[in-house]
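Here the structure comes first, spelled out in structure tokens, and everything after it is commentary.
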């Protein structure tokens, strides 16, 4: 029995391949290349399917928008816990060393690969435990207009919060995720806030260090 | 590399997938044996991580964890005769071919068990960031050849290459897992994989490898 | 069903070359449109069934405590100020995994309840179908000449364009008796391609997959409604069928799907 990583790789020297190491490639390039190699679908079809789901929820919940927000979040969570595996299999990105790196991965890789947008990372908290994503050109809400009664309660794209929550939880990051503002509500911009509560250290797979 | 068995172990050490591809040693084991093997691998993996000397961890830089991309491992067109259509994008589930990925990558498994050699078999482990372990048992044995046949350096090289091939291959099994298991809405996370389609796909890829 | 013909075989050969270039242009145009990863779309579609089931459960619970609900509503109207300022934090432990909801649906004994869930799924499909035809009409699709579009052309439009847009492939076979009955057969229905089937539990598994055929049923009805055939005129049923031959790789779902569409046209004459 031998623990391969410890001894023989040192001897044979795998150093020749460091030039193409993913560590040296920018996250933006990684995101773009994987986007190019993904099967795609018309964004408008996606938009209107999501719209049909939200509208069905409105019918069923009799415009109880707080409940609808929760429902969208839960649906997103169920997507996120599965989608993360796909993201990791495609990118094989190493674990982020801090939240700043995580924010870059979410914006330049995750959003890029799945929705072909790269939200700006803004509004860092002083102790760097929270940031916002400025979502422009949100493919979920293209051409959407909210009815008046939904304007101050419905977070139309709340599914995104759920997806991020589920995905981050699977890589052992416990975060609070919510929308702060949405253009659909008449706000200046669409801002999604991610706050790291704690790293679930006990759940990080042994062997990663 | 001839693969005898593929195992997938969930983050709590439970066996969620096991398949033998030939009827050598592994086929003599029953499903209960495999459950025990899975949890043993899970534990030994963790122990290995804890006994890695700190000095070793510090002197090693990231170079060791970079797995070079080895083209077309386990893919159909690894046969050069069929390679003509290489420029056309092949559909690999939701991945656009010809291959599942095409750049070198960093192993998430830094201090855990990665390869285990015996005089009967070699075992390779690939662990994901979510704690899944993809395990391949191969009948190719490198450990026991006399040093006169292959020089020490060559042996190391061969082991290293085999390990890299295994990492490339197991990452692809992970990709297939995403397409066939994660997208199966009936699948319950952490539970045994029953998808026949996944099974067929894995079998195909193992077949391509040998 | 006598005298079924397959209208796919008879092409309009006369204008083939000009159609080709139009097709090419259309394809280029299509490619220039905004895209998202097909995965997120598939994941979203897969969530429609568990969502509809979860809704049914919650609404039922809400009905059961209707009395207490009324009381709480009164409280809400009194204390409005907290509504939009509170940042919601959801306990993810309480979220029921989608696969559990799907299994629960397939084991539902109460037919009335089952139908309510299915109606919800169909209705979401219906809304998508309804808007989808608008979307396709406005993209200058050369396959569409709505001036003289009869039912057969509309069905061809569904088979070709709607299906292509949704699933990246056409319906494999369209059959009709020319009296309002159509069979749209898809031997490799894309959304369930990755679904697993255990041969020893075929019946149970098919019951699980069945609800996933209701979304496209809704879509077909939605498209027809947007082109003048209202919900009430159209009956659409989806059933599993065996494939006639084995030219489809075995890494796909074991069954084909047949959509039986029946249209009563008396209002449209």
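Here are a few things to note about the model shown:
Labels for the chains are A, B and C, by order of writing; each one numbers its residues from 1.
Heads up, the rule we're going with is that contacts are C-beta pairs under 8 Å (C-beta built on N, C-alpha and C of every residue); 3 or more make two chains touch, one makes a residue touch a chain.
If you're wondering where the values come from, they're calculated on a predicted model, not measured in any experiment.
The chain pair with the larger count of C-beta pairs in contact, out of B-C and A-C, is A-C. Distances between chain centres, each the mean of the C-alpha atoms, put C farthest from chain B. A summary of chain positions shows that the Cα centroid lying nearest the centre of all protein Cα atoms is that of chain A. The geometric centre of chain A is 27 Å away from that of chain C, both derived from CA atoms.
Centre-to-centre, using mean CA coordinates, chain B is 38 Å away from chain C. Among all residues of chain C, those that touch two or more other chains are 37-39, 43, 50, 97-98. Of all residues in chain B, those that touch two or more other chains are 94, 179, 183, 189. Residue numbers of chain A whose C-beta contacts span two or more other chains: 38-39, 82-83, 86. The touching residues of chain C, when paired with chain A in their complex, are 30, 33-41, 43-45, 47-48, 50-52, 54-55, 59, 83-84, 87-90, 92, 95-98, 120, 123-125, 127-128, 131-132, 135, 165-166, 168.
Put simply, chain C touches chain B in their complex at residues 37-39, 42-43, 46, 49-50, 97-100, 102-103, 194-199, 208, 212, 250-253.
Chain A makes touch with chain B in their complex at residues 1-6, 8-12, 14-15, 17-18, 20-23, 25, 33, 36-39, 81-86, 88-90, 92-95, 170-171, 203, 205-209. Those residues of chain A that touch chain C in the complex are listed here as 35, 38-46, 48-53, 55-57, 59-61, 66, 69-71, 73-75, 77-79, 82-83, 86, 113-116, 139, 142, 152-153, 162, 165-166, 169, 176, 178.
Taken together, the chain B residues at the contact with chain C in this complex read 93-94, 179-180, 183-189, 194-198, 200-201, 204.
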